[in-house]
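Notes follow once the structure below has been shown.
Each chain carries a letter (A, B, C and D) given by its place in the written order, and its residues are counted from 1.
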Amino acid sequence: MSKTIRIAVLGASGYTGADLVRLALTHPHVEIAALSANAKAGQPMADIWPHFAAYPELPPLVTADEIDWAGIDVVFGCLPHATSAALLSGLSGPRIIDLSADFRLDDADSYARWYGTAHPAPQLMTKAVYGLTEYAAEELPDARLVACPGCYPTAALLALLPGVDAGMISPERISITALSGVSGAGRGLKEANLFGEVAEAVHPYGLSGHRHMPEIEQELGKRAGRDVRISFVPHLVPMNRGELETITVDLAEGVTAEGLRTAMAQRYAGAPFVHVLPEGKAPATRMVRGSNHAVINVFPDRIAGRAIIVAAIDNLVKGSSGQAIQNMNLMFGLDQTAGLTQAPLFP
Amino acid sequence: MSKTIRIAVLGASGYTGADLVRLALTHPHVEIAALSANAKAGQPMADIWPHFAAYPELPPLVTADEIDWAGIDVVFGCLPHATSAALLSGLSGPRIIDLSADFRLDDADSYARWYGTAHPAPQLMTKAVYGLTEYAAEELPDARLVACPGCYPTAALLALLPGVDAGMISPERISITALSGVSGAGRGLKEANLFGEVAEAVHPYGLSGHRHMPEIEQELGKRAGRDVRISFVPHLVPMNRGELETITVDLAEGVTAEGLRTAMAQRYAGAPFVHVLPEGKAPATRMVRGSNHAVINVFPDRIAGRAIIVAAIDNLVKGSSGQAIQNMNLMFGLDQTAGLTQAPLFP
Amino acid sequence: MSKTIRIAVLGASGYTGADLVRLALTHPHVEIAALSANAKAGQPMADIWPHFAAYPELPPLVTADEIDWAGIDVVFGCLPHATSAALLSGLSGPRIIDLSADFRLDDADSYARWYGTAHPAPQLMTKAVYGLTEYAAEELPDARLVACPGCYPTAALLALLPGVDAGMISPERISITALSGVSGAGRGLKEANLFGEVAEAVHPYGLSGHRHMPEIEQELGKRAGRDVRISFVPHLVPMNRGELETITVDLAEGVTAEGLRTAMAQRYAGAPFVHVLPEGKAPATRMVRGSNHAVINVFPDRIAGRAIIVAAIDNLVKGSSGQAIQNMNLMFGLDQTAGLTQAPLFP
Amino acid sequence: MSKTIRIAVLGASGYTGADLVRLALTHPHVEIAALSANAKAGQPMADIWPHFAAYPELPPLVTADEIDWAGIDVVFGCLPHATSAALLSGLSGPRIIDLSADFRLDDADSYARWYGTAHPAPQLMTKAVYGLTEYAAEELPDARLVACPGCYPTAALLALLPGVDAGMISPERISITALSGVSGAGRGLKEANLFGEVAEAVHPYGLSGHRHMPEIEQELGKRAGRDVRISFVPHLVPMNRGELETITVDLAEGVTAEGLRTAMAQRYAGAPFVHVLPEGKAPATRMVRGSNHAVINVFPDRIAGRAIIVAAIDNLVKGSSGQAIQNMNLMFGLDQTAGLTQAPLFP
């Protein structure tokens, strides 16, 4: 197949933008046409990213305004929330894959409450396809605007939707403990991201409410057909990449952990990136580092009638840039694995 | 005060033994009389431990048999389970502080089931004082045999007992997610402990059952006056020291998270090492690294009627060797902080 | 191009074997025909390597004896030294790319002295092509046996050969300080490789002599036309991958650091994996993590007449398995970048 | 002994200030009277430092102007260079121990060149005692102003002065490779200090000249009686604390590495914090983490007539705050180990 997709990446000075470029570099059908970062415009990627030191041929960073949209097939929005919607809503040419939070929620009030600002383009909120790839395959081919899920929702929903859809787990009393590497917090200059704060240390955060919580609740609610409220506690772990969620759930009457595990394995039988592990094998982030894979498993809980579901992804790949490319592949009629075949990096 | 306590440490080639020696070195009332490690007998501590390179004056390692027990006031058992009870049960002179699992459980059947071997000295199982210091102050002065709690139970019980004792939380549906540094697994040569496996990675373990689970259930059950079953999922985190537990609980009717927090602060008002943090401040392991402190806090959960309790300790100090010394202090009429005044090491 | 090279990997249970498999998985012209590991024979790769959990389709491990050599085009030896030569010297069919130390040295006495054992196949020692790819392009197409350089020699020689070849640096008084991640030491169960020993710590090792020293001296000596003795001090750094060498050299009369830098840039102008960085930019391991790239630069030293050369590689890729594949590509008439186009992983 | 020294710490919001407070907390003869940090004035230490979460009783931060100097015996300057001299030069009451660079160099021109600003109090530059404790014991008891050495100079001079003083090593061709944990760069919000940049990575820095270079040269020059120029390349290593220097030197005619080692051991025989390790044992930062110890050893180099000296310290303790307290002890007639007896923390 000889199709070439010309892409633009808005916000290529952030981690998600950079990881998108990393993956796009070896995608057989992608040409990187433009890279923007307003605050770094004029600089080569090799100057702001160490891992592109050997890639002086990458397009230099420009401002978003400088991009010539003619001939751009798809734009990836890797910008902060609100900035993203404001900018993308004005584009008419290219198809849009947004990695920010702006088109994930359907409800403008909820957005305003959680993100502290009015949505810049509320009319688009319900038009976006929610790009959890394994659940969006039918909508993606025709999608003009795709909202890529947050990293925590990606792992949570991959772990929970098979059971919720099948009525095997209750949407009540879902309790999610999440562990994330520090790249989830971005490359911003915050004390909390310094090596000295993060290394040799763990702590929970967002205990008063995390923005990925309403997103998970929204998607679970859609499937369950009623309002859902979850418990969600993310933790910062001293590693760069990787995200692991340990979820305890109430099983429906008569359902066992093993039954749920079997149903989940069937659900993902054809999914190239979602792997239900053999019985008893615990998911670990080192199984997926740098790759688009997700690994999941189900275990019986010691409290009767409950099960433990564990899921691991690379937050920057399946949790962000990799899933964005997986979505692009389906939007453009490619095999969904195109450009995403790299095996995880270990050690 | 001029009292000098002569101590022996059995198993000084393991992490808990070594951390006990580290703390004992600056204890104003302790003399390190003997250090054993059968497999390393004859070697100086400076040869097997990097941090004792500057301490050539430490007693050399001997076999347990070579120790002259006359004049030893207290022996710290830092041996593997079963080995510990077998050896310690034969000692008649010194008072005993055991850091192994051997005297934590009251029930020989439970011990056999979880530890895979018959208890070497079942007659002693119920004679040991369970040395969670903040709850054992009355028994310690006269104790001959003290069983120091496991690291996970220490954090869990410090976090849960105030609420259970006050009837503010239900002993049902307690769900504990624990994160631990790798020192909890000891210095043994296991692939799972290699830098390459642990760094840049997290994963849960013990999903089919962890030995600290029955210990937590036993102590909660004693307080609650009935059998308790908990959910407990430990995770390995890429750091040396530190342990954090995030616990979700059902609150009793009419109890709020803030009410529980206040009660907990009152319970520990006089405890020099247990600190309920200001409202909203999340415990973190970097608050306690290398020290005997525990930090705890309570937060409302998004699921109504539930609360989140978070506790952090250094698994080798408050979770093991530091608590052992704290117990010794009370056994010998010293201030409980003696030798434990070092502030945490950060960064 | 439709050529398919069928490969066998001997020693696929070690880090170099595993990284070779990782790279081979996405090589467009490679089929992984057989994987051996005598001690793990019968196990799937997914059971012994976390990062292959999503690759159950990989050939299971077999013993070396079980491999059917008919139809194998090339064998990669990822075995310990001595074992490697003993086994490979008996093979007559496939071309051989050895990643062990066995065919790097030309001299059997030197081998015996540094490796503590007589060479199993001394007659082959001078027949192997020394596979520092950038210096072996002419010999590789016809090579039957290629000895891949050690990781330290790879970085050292890439940094030093341009200057030595051009007579711009003296082969006397070359002083190499090397920093390596722990994967260089393999996945063996050694106390020195435990997370607890490696994390939050650095130290030099091999101060009485390291096996890569004679290899570097041999290759420098061949180029300089005389015996060379170098100073070489490797250090273990708390990271998984990456190797950085900081080398101080005497410049020849009239040569400047900038002149040397320019000459080096010219020497590697056509090399897809060796990058002389812009003036003043310091090489860093994060520029190459997981990739086959090498980054190099030259700086003036404060001591007159001397220069500082810095080189960084990923020890498992350009320092081992990546270079092995790069060699294979040239042996089989492929573009040398085939299968090696992955960009570095950052963060 | 019942003497109490009342101290003030200027700049308690930086790492050196915080580590000084950590050590002072358990010093038997110190009372922490005042802590300043202009930008954080009004905040409790427990709010800006995680490890003081359990120390709400610490004095709150004030501006330097707010300190009541009456009754302050000694002030520790933990401020940035230039700021420090400007502020300290106006104080007349307390004795001064400065941890900044301001009073290390003797020459105002050199200061201006390396620090990019005119010295605020050049008249004091030659009045300060250079507080490398092991070489300043005679001057400290009467010192009014002590300049604590930089972290790199501390390790370098401890390693080099015995040989230089004894004429056993040449001051020419000294080549220092230094590895440092990230705390040496402070807690400032710089991209270079982010976890994502530092973890799993090493790189050299300061290749065009580092400010500790002239300080080392000055002190070596004083001892050698002539100008000295050294080669010095620092590297950033992914750890919080610790500093290791590997130094290659020319031995004087007839001197052996073993002879130098013996002389060094004799020189430090009475020094409680400087340890020449047994023959062949390599210094490592894990030997000293969190403590005031320095470990040193000497090895023969493969290049004839040269030796390798390796030294390790904790950059924040012996390289900064610990040495400052050691100096204070001698200034006030205390045992130099007072408050510094904590053993290293491992793992």
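Basically, a residue touches a chain if its C-beta (ideal position, glycine included) is under 8 Å from a C-beta of that chain, and two chains touch if they have at least 3 such contacts.
The model shown is predicted, which means the values in this text are computed figures rather than measured ones.
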Labels of chains that are neighbours to chain C and to chain D: A, B
Of the other chains, whose C-alpha centre is the longest way from the centre of chain B? C
Using the average of all C-alpha atoms in each chain as its centre, how far is it in Å between chain A and chain D? 46
Centre-to-centre distance between chain C and chain A (centres being mean Cα positions), rounded to whole Å: 36
Hunt down the residues of chain B that sit against at least two other chains at once, touch-wise. 15, 50, 182-183, 195-197, 199-201, 238-241, 284, 286, 289, 346-347
Where on chain A does chain B make contact in their complex? 173, 175, 177, 179, 181, 195-197, 199-205, 207-209, 213, 229-233, 235, 237-242, 244, 246, 248, 280, 282-286, 289, 299, 301-304, 306, 308, 310, 312, 346-347
Please name which positions on chain B make contact with chain C in the complex. 15, 50, 182-183, 187, 189-191, 193-201, 238-240
Partner chain D, residues of chain B touching it in the complex: 15, 18, 21-22, 25-26, 49-55, 182-183, 199-200, 240-241, 273, 275, 277, 281, 284, 286-291, 293, 295, 341-347
